[in-house]
Each structure stands twice: as structure tokens, then as C-alpha cells.
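Take a look at the structures listed below.
One chain, chain A, appears in both complexes that follow, with chain B as partner in the first and chain C in the second.
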Partner chain A sequence: MLTYTLLAGFLFGLYFTLIGLGLNLVFGVMRIVNLAHGDFLMLGAFLAFWLFSLFAVNPVPTIPVAFFIFLLAGFPLYYLLVPRLLQAKDPEMLSFILFFGLSQVIQSLATILWGTSERSIPGGQLGRAVAGILSFFTGHKIENGPIEILGQSFPAAWLASGLASGIGAVFVYWYLYRTKLGYLTRAVMVSRDEAIASGIDVHRVSAVAFGIGLGLAAVAGVFAPFMLGSITPAMGSEVTITSFAVIVIGSLGNPLGTILGGLVYGISYMFMQSYYSSWANLLPYLLLIAVLLLRPNGLLGRQARRA
Partner chain B sequence: MRKLWRDVFIILVPLVAIFALLPSIYSNHLLLFNFIIFIVLSQGVNVIYGFTGYLPFGYVGFFGAGAYGFSLMVLHLQASPFLAIVVGVLAALALALVLTPLFRLSGAYFSIANLAASLAVLQVVANPNLEDYTRGPYGISLSGIFNPQLAYATALAILAATVFIVIFLRNSKFGLALQAIREDTISASMAGINVVRERVIAWLLSALIAGLAGSVFAWYASVFYPETVFSGEFTIFAIVFALFGGTATILGPILGVVILYGIYNAVGISTPQYFQLIYGLLIIGLVLFLPNGLVSLLRRWGIDVP
Partner chain C sequence: MFGRARLSMSVALLVSVFGSAHAVEAPKEITLGTLYASSGRYASISMPVHYGLKLWMDQKNAEGGVFVKAFNKKIPIKLVAYDDQSNTATAATLYNQLITQDKVDILIADSGSVLTSVAVPIARDNKMFLFDQTGTGAAFFTPDNPYIALMSDPVSTVWPKPLADFITHDGKGLGIKRVAILYSTNDFTGTQANAVRKFIKESGSDIEIVYDQGVPTDTSNYTVLINNIRATNPDAVVHLGYAPNDIAFIRSLEDGGVKFKFLFCIYPGLETELLEKNLGGKALSYIFTYVPSSEISYETNFGMSLREYKEAWNKKYAGVNIEFGFNSVAGYNTGLVIEKALSVADSLEQLDLRKAVFSLSGKLKTLDGTFELDPNGAQLGESTPLGQLITDEHGHVKFVTVWPHEVANGKPVYPRP
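Entry: the complex of A and B
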């Protein structure tokens, strides 16, 4: 039971990391709060659903497709909304309201197009692809079905999403620390004004970060039908709150802190589910408030922000 | 002080008179009551967001605390509605006091923590384990004290008190001190303003307003679920109405409610998804092109708005 809870919490925690990663990158670079994050995840989930039910496309090849579509969609959206927002007196607060509006637009369009019914993708679809990939790499045939780790069996989808989250986190690390653009992005994160003063095209850097943020949300969305249950156009709001809890625990604005935040969140969530399930829903909020009050900058935050 | 009484006569008195007379002309009293509740809540958001710059994303927590404080008094102690309102307000104030450490956080951190706090209160109230005390997720029914006329009159009094608080903030040293803190905390404290104390007073005032609104809402509705009175829509609507009209003004939030809630009732009830679309686009347009609200537009045209 203990091993199972720990491992399940770890896998779920990795998924929560993936959910929070994009949101945190956007906050870190632009200091704006993307309340529509969960809705982009919902759009990614519906992309996977429609590709599967119309063209029988397996969710695994959908992952890169979703990432690139949303990466590209991020640029026009960024230039449409953010530069004007940043001219305002208090962009951090106004971004709450602006992106709430965007979230309403996305949810209503999705409802108008697809109705409010719940949809899902059969869990075996992802399992088959995972079994195929594992057989290819290990060299001997692996059966489709639950996967055993340390004597505990887990749905293949959990493993696949954990794997994808790991890849996502490594990708963000590689982007921030190993590419030219990532170097500039980190400069903008540290000090926007000094970045402008040293001739960095802040809007270009931010637009790319925004696109990557949306792309990661969409990738998390592809796994949503397997990890979060059935999907509806209105699912985004709750996801947004969860991802906030994750990134605040990690520390707001530090994408790598998200990994820690996701794991802490996932493991404590699984413990509450196993041992004290009727109060499990309270956990994200209490954890969030406790972390905010004890360490206002999250577990990995550097300096305190006090008014 | 002269300006204070001028504002009372040109805004507060007509507003209360209109809402006192409308029920005899217009038969949908529930709608009128909701208008009052939203004006009160937007003004409550105005007190804390407009004057101090802290965006309370979990403002509905105080509203729900008021509603539950009221209902539990009536359910368990058979208290009279007016005594129950006092307890509802005390519940909201107690929650606000518990949350004062959140002011150590700034900007988005404060808003997110406040949101989490309101959701945590909802999870506690709606928890099936507490059914004996709060009726858990099954909701509250207060048919014994149902009296819509008296509840409506009480709501009117609350409206008057709330608008008076905002008029006072607009025309007093205390209101100026709050705005000074909002603009530049350090300079304000150098000028001799007790930053922490003034901010906490504004926070308690704003919780008091929401607690009053929640109590009278529970009385008027008399049957509701935890999700009804802790619905994030109250927060969002109140914030958007206040912003649309213009914060840190008296008239702004009132204009916002009359216009936007009016549109909501015209198109939102029959086709909610189309209303959601219009509403979302309106919010985006508002933030991008009119971040200081309608009132700033009027001011640009040279019309001075209190």
C-alpha cells in the first residue's frame, strides 16, 4: 500500500508538473497570470479526442502535433493581447481579468461547437502505443496492459504521461539553459528593464515563451482523458486552479521548481486519497496557503517579496 | 465634508429611492434583489481593490461565510433574522481576520492565496463529514423565516450603508491614505500613514460588506447549496462590474452592474454560451482599451464623475 501510494503519487506528480510547467514559464517571463491555461489544456484534449474518433489517430503521434499547433497559435495570440496589456498601470492584476475573459471565450466557443457532453478515449489506446514503444526499445515483446514497477501494477497511461512529463521538463531545461533564446529568456525573467536596456527583443522572447507555454498545456491535454477522466469544454477552470497550486508550491516564476511542486502535490494527494479520502479535495488549497504563508516564494524561491 | 453630503444627495438617495420604488412598478422582485446584491458586492470589491490595489480573487468566501453564519444561527438556535445577520457578519469578519497574514504576499500571490482560501472554506462547509453541523453538500433550507418583503427592505438598508462607506472613502483622509498606500507603499509610510492598520481596516470593511450581502442573500433565497453561495461567479462578476465602471469611484461599480448585469439578464438566461462569448470578448476589450473603466472615458470627455 505504501509503495503503491508513493509510486502512484510520483507518477501523478509528474503529470501535475507537466500541467504546471507551461503556466509557470509564462508567469516567469511575462509576470502575467494565464487564467486560461486550463482551457488550452482542454483544447489539447479535444484535439486528441477528435483526431482519435475521426481518423483513429493514436494519442502518441498527436503529442508533437498538439505541441506545434499551439506553439504557433501562441505567437499571434501573444501579439494580440500582451503588448497592450503591459502598457497598463498594473498589468499583473489586470492579466487576471484579461485571461479570465479569454478563458470565457474559449469555453463558450468550445461549448457552442461541441456541446456539453462528456467524452473520453479508451484507455487501451495509449497502453498499446506504450507497449509497442517499450517492445521496440527493450527488444522483447511486452504485452499491452498494466505495467509492473516494484511489484505494483499501474495503468500504462500513467507511465506514459510520467514519461512525457519528464521529457517536457528536460525540454524546458534544455531550452532555458542550452539555447541562445533560452539565455535571453532567463535575462528577461531576471530583469525586464535591464533586458530591454541591453537590446534584447523582449517581445520576441516572450512570444516564444508564451507559445511554448501553450504547447506544453496542449501536450498535458492529450493525456487528460487518461489522467483526469472524461473531458468537457468546462473542465479548464479546475485544472487552472490545480496548476496554480502546483506552481506556487514549487515557486512562481521558476519553471524547474514546478517539478518539485508537482511531486509534492502528487504524492500528498495520493496519500490523502489512500488514507483520508473524504478530505482529499481540501488538500491543494491548504497546501497552497501553507506554502504561501511559510515560504511566500515557494519551496525553491530566492528572495522574499514584501510590500 | 460638503462634498460628502453632496455625493450622498446626488447618488445615494436617488439610488435607494429607485430601488425602493421599483418593486411596485416591476414585478420580477428576485431580479431587483440580485441587482442590489451585485451593486453591494461590486462596491465591496471596490473598497479593497479600488482603494488598496489588492485583487480579492476569493471575495466570495466572505459572502458564503455570511450566508452560512446566518443560516446556521437560524437552523440551530432559531435566532431571529436580524440577530442572525449580525452573526453572519461576524463569521465574515472572523474569516477576514484569519486571512490577514495574506497581506504579506503581494500582487498575484495574494489573489491566488485568497482564491485558495475561499475554495478551502467551501470544501470544509460542503464536506459530508460535517453534515450534522452544516448540512454538508445537501444545502440549507430556511423556510421558517421566509419573508421576502422584509429581506428586500434589509437589502436596501445594506445597499445604503455600502454606498455610504464608499462615499466616505472618496471624501475622507482615510480614503486618501489608502490610495496613497496603493500608489506607493513606502512613500505613504514615510508620510506617517500606518500602512498595516489602514490596509487591515479596508480589508475588514470589504469583508463586512460581503458578509452583510451573504446574510441577506441567504434570508431572501432561503434554499441554497454550498456551491451557490461559494460560486466563483460572484467574485468574477463583482470584479468585472467594478472594473467595467471604474474602480476607486462611487458611480463606477453602480454603472457597471446596471449595464453589464442588465445585458446578462437580457441575453444570458436563454443562451448562456453566447452570453459567455460576448462577456469574454467584452472583458478582453475592456482590459485592453479601457483599463480604468467607463468613468475614465467620461473624465476624458471632461465630465467629472464622483
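Entry: the complex of A and C
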């Protein structure tokens, strides 16, 4: 039971890492809190649901499609909302209001489009794709169904979302530390004013980061029907709150701290479910308070961000 | 002296004449106030109830309104409805607004125990009779609160009796000795869990409860919980949650390749269409559940039959993303109880409305079954037998009623293949 709980927490935490990565990247670059982050995740989830129910598209090919659609959608949305916001005296605080409003608009439109009821995609759909991919790489035929990890059986979707989260984290690392645009992004993260003074086109850099943030949220959304039971237009708010706790635990503004935050959250959550199940959903808030009291800059703190 | 007495009598006569004339002046409309949740965790059980109530209202208004005995005429109905977004704090504010600002004649709770729980004390404090649509939490119905009655569903303290009776009677023969209970911690499913425990213990059978845990109602991931239940090696698993809980629980079972020999869930029966859309017929096969009024054609003495109602629903809400199920019946049933109560109530005073509603107990038979209240307003009629879902040749699920024996139309399949 202990091993299972630990592994489940690790995989579940990886999923919340994937959710938090984009939110933290946006905060790190623009110092704004995207309270509509969970709603973009919800839109990614409904894109997967829509493609599956209308065209029988497996969720796996939907992953890159969702990423690029939302990456591209991020550019105009950034230029529409963020530059004006950054001109305000207190953009961080105003971003709460602006993106809360955006969240409400997205939720309402989604409700009109898809109704209020729960929707989901059969679990076997993702399992089939995972089995196919594993069969290809291992050379053995792997049946569609749960996957064995260290002798413990988990839904294939958990492994798939863990892999996607790993790929997402590597991608963000590669982007920030191995690309020219990434260097510029890190410069903006350290000091926006100095970046402007150095001649960096901060809006271009920020727009790309914003788009990547939305793209990662949409990818997490594709896995939402499998990881969160079902999807509804109103699911975004809850996801945003949990992912916000995750990034604060890891370190606000440090996308890679999100990995640690996600894992701490996931493992603690599963242990709570096993031993104090009635209180499990209090966990993000308890962790948040504990981290704010003991390490206000998060587990990886400011120094790690600047390293 | 005589003159003063005559004057007093004249004044008394005038007051009584004009006073009574004022009392019988009929309102232009009867105002019904209610809440619904267009988003959030309870939307899927709230919207069908709300749409069912609206269907009844539109139908009655098309006929010129409902007959109100107190004014001896038909009066149109006006519905004042606010969206509480599944939020109890918002709901509390809006219930207050319906009573104090909108001054509604009739107060109707939102669907489900969670959103009803905040209405109960507010209605009581304001001396408004609460038409509780589907809030079955036992704590709502107490001898010191005359301002509530449950319209549909048996109260949760008696609702799970068919389930517990099946386990303790037929279950023994099938080999069920170890039972696991997982429930969401809210008034509805918390009370049901208490009732299941109580019935099993009182039965005197040697059934052992090997797992008994509550989880928050907004739990969406059950993988670890299922693994923990499996570790206790139960013969039967009882999962008590709302529709999103059941979807997430059954999906975790499917995705994890776990099959319990006996699994009971509430919503595969109550909202079959919704769960079938989400999980597919195969995932629902062999699950035990309640057989609700949306699946049984009860004999009625008031309102449409189930078949007529379903036709009316499909006609009115074609293309609307709201599934037909037990809750859609419950909303319409609330309308029927209100209509019948208005037709016998002496006035629109709240305690007269209560008296009228209680006078229907045991007599009113709608598509939801026999309306029967206990002295505290808890619903004892409209019971739901225990059934099992079986997949037909087209992959769709159908109900087989297995308990009580007198209404059973098939044998239970145990263990699950």
C-alpha cells in the first residue's frame, strides 16, 4: 500500500507539474497571475473531447494539435491584454481582476457550447495509444490496459500524463537554457526594465512565453478527462487554485520549481487520501500556509531562480 | 351609550367587509422562487430538476395558470430563479434575496442536499415553507421545524434500505460477507452511509464492514482509494457519491483494470443517460444501483405519466445538453405537488401551504410514485428498489430489479463476470 501510494503520488504530482508549468512561466516572465489558466486547460480538454466525439481522434495526436493551437492563440491574446495591463501601477494585482473576468467569460461561453454536464473520453482510448507506443519501443506486444510500474498496476493514462509532463518540463528547460529566445526570456524574468534597456523586445519574448504557457495548459487539458474523472466548463477555477498552490510551493516565477511543487503536492495528497481521506482536499492550502510560513519564496526560492 | 355602541358595530362591520374584500383579492400571479446551478459540481443534478420545474410551469401557464383554492380561480405562475453556481455561500445569499427582496409566495430549494442544506435554516428563520426538491439529508427534518417537506426521493435514512436488505438477506446466500463503504462527506451521501451501516448492524447478520472511509465531495481521483479498498478483499463495495464522483470512481476502476465482485453506485441509476455518455454501457454493466422513477412507470392520479412526460421533455428540450433522468422527473414532480397543494390550500400563508402539502401525503400518486411524508416532512414514499444494470444487444444498459423480491424482475449476477 505504501509503495502504491508513493508511486501514485509521484505520477499524480507529475500531472500537476504539467498544469503548473505554464502558469509559473507566465508569472515568471510577466509578473502577472493568469487566473484563467485552468480555463485554458478546460478548453484543451474540450478540444480533445470534441475531436474524439466528432471525428474519433485519439487523444495522443490531439496533444501537439492542442499545444500549437493554444500557442498561436496566446500571441493575439497577449497583445490584446497584457501590454496595457503592464502599464498599470500595480499590474500584478490588476491581473487578478482581468484574468478572473476572462475566466468567467471563457466559462460562460464553454457552458453555452457544451452544456453543464460532465463529459469524458473512454479511458481505453489513451491506453490503446500508450500500448501501441510501448509495443513499438519494446518490440513486444503490449495489451491495452493498466501498466505495471515496479510491480504496481496503474492506469495507462497516468503513465502517459507522467511522460507528457516530463517532456513538458524538458521542453521548458530546453527553451529557457538552450535557445536564444530562452536566454532573452530569462533576462526578462530577472529584470524587465534592464531587459528593455538592453534592447530586448520584451513584448515578443513575453508573447512567446504566454503562448507556451497556454499551450502547456491545453496539453494538460487533454489528459484531464483521464486524470480528473470528467470535465465540465466550470472545472477551471478549482484547477487554477490547486496549480497556484503547486507553483507557490515550488517557487513562484521559477518554472522548474514547479516540478518539485507538483511532486510534493501529489505525494502528500495521495498519502492524505490513504490515511486521512476526509481531509485530503485541504492539503494544497495546508502546504501553501506551511511553505509561506517557513520558506516564503517557495522550496526552490529566489536564489535558485537566479542561478 | 347606545350611539357609541352602534358606531363601534358599524366600524367593525366596515372593517370586516373591506378587510375580507382585501383578503380575497387574487394576486396577478403566484411567484415561485428557486435556485439552480448552471455550473459547478452540482450542475448535472440541478439543471434537469430546474428544467423539469420549468416544463411544468410553462405547461400550466399555457393553460391559464394553476387553480388556487384560496381565490377560487386559475392564476398564472411566475418563476424567479437565480444561479447559485453550485456555491453554498452564493446560494445562502440568493435564498435570502428570494424571501426578503423578491417576496416570493413559494420557496423551492435547489437540487441536492448540499445546496438545500443552506436553505433549511434560512427558510425556517423567515417562516417560509421550503419545498425541498431532492435534498434528502436526515438533519433537515426535525420535529421543531414545520417549514419543510421533501418532494422527491425517500429521505436518506430510509433510502438505502433496499440495498442493505439485499446485502443482509440475499447477499449471504451469494457469499457476501465483507463490505467496503466509500462515501462523499456531505449531507446526502454521508447520511446514506450512516443508514447502510445502521441497517447492516441492526440486521444481526455476520456481515463485516472491512473498509469505511469518507472523502471530500469534490474528490476526482480514486486510484489510490480503490487500491486501498482492494487490499481489504471485500465481497461487496458500496460507493456513495454524486454523479461526478461516480463517473470518476467507475472510470478509475475501468482504467485500473479493477473489478469488484459487487459494486453499488447511486448515479448509474439516477442519471443513467449521463453516466452512459461518459463511461459507456460496458463500464456500467453489472453495477447495482437504485431503480428510480425515470425507469418505472408508476400508476398516477395526477399529472402526466412517465411516457407522456418523457415525450414532452424530448419535444421541449430537443438539442439541449441536459440528459433525461431521475432529476428531470423530480423537478416536474415538485411542480405537481405545488399545483395540487395550491388547489387545496385555504390561503397562501406558509403554514396553510404546509397543511395543504401534508394533506396530500399517501393520497397523491404521480409519475414519481406515492407521495408520503412523515410528520417532520421527510419523504417516505417514492422508494427506489435495488436493481442491476445489464447491457443489451446494442451495448445499452437496462435495469433488472433484484430487490425487494415482490417487485424483482430478474436475478442478480454475482460475482460480476
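Please note the rule applied: the second predicted complex is superposed on the first by the 302 of 307 C-alpha atoms of A that agree within 3 Å, B and C clash if a C-alpha of one lies under 4 Å from a C-alpha of the other, contacts with A are read in each partner's own complex, and residues count from 1 in each chain.
Operating definition for what follows: a residue touches a chain if its C-beta (ideal position, glycine included) is under 8 Å from a C-beta of that chain, and two chains touch if they have at least 3 such contacts.
As the structure is a computational prediction, the values presented were derived from the model and not from experiment.
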| request: In the superposition on chain A, see if there is space for chain B and chain C together, and answer fit or clash. | output: clash
| task | Based on the superposed arrangement, let me know which partner A:M1 touches: chain B (first), chain C (second), both, or neither? | result | second
| said: With both complexes superposed on chain A, which partner does A:F244 reach: first (chain B), second (chain C), both or neither? | reply: first
| task | Could you look at A:L98 and tell me whether it touches chain B, chain C, both or neither (first, second, both, neither)? | result | first
| message | On the A-aligned overlay, A:A131 touches which partner chain: chain B = first, chain C = second, or both, or neither? | response | neither
| message | Looking at A:S120, would you say it contacts chain B, chain C, both, or neither? Reply first, second, both or neither. | response | second
| First (chain B), second (chain C), both or neither: which does A:G229 touch? | second
| message | If we overlay the two complexes on their shared chain A, which of chain B and chain C does A:Q107 touch? Say first, second, both or neither. | response | both
| request: Figure out whether A:V33 sits in contact with chain B (first) or chain C (second), or with both, or with neither. | output: first
| request: Report for A:L216: first if it touches chain B alone, second if chain C alone, otherwise both or neither. | output: neither
| field | Among 114-122, 240-248 or 258-266 on chain C, the segment whose C-alpha atoms clash with chain B after superposition | value | 114-122
| request: Once the two structures are superposed, pull the chain A residues common to the chain B and chain C interfaces. | output: 107, 111, 278-279, 281
| message | List the residues on chain A that touch chain B in their complex, please. | response | 27, 33, 81, 84-85, 88-90, 92-94, 96-98, 100-109, 111-112, 237, 241, 244-245, 248, 252, 278-279, 281-282, 284-286, 288-289, 292-293, 296, 305-307
| said: Quick check: in the complex, which residue numbers of chain A touch chain C? | reply: 1, 4-5, 8-9, 12, 107, 111, 114-120, 122-124, 127, 145-146, 153-158, 226-230, 232-234, 238, 270, 273-274, 277-281
| said: Touching residues of chain B toward chain A in the complex: what are they? | reply: 49, 53, 55, 57, 101-109, 111-113, 115-117, 119-120, 123-124, 127-129, 185, 195, 232, 236, 239-240, 243, 273-277, 279-284, 286-289, 291
| Which of the residues in chain C come into contact with chain A in the complex? | 37-40, 43-44, 47, 85-86, 185, 213-216, 218-225, 227-228, 231, 243-245, 247-249, 251-252, 254-257, 274, 277-280, 283, 320-323
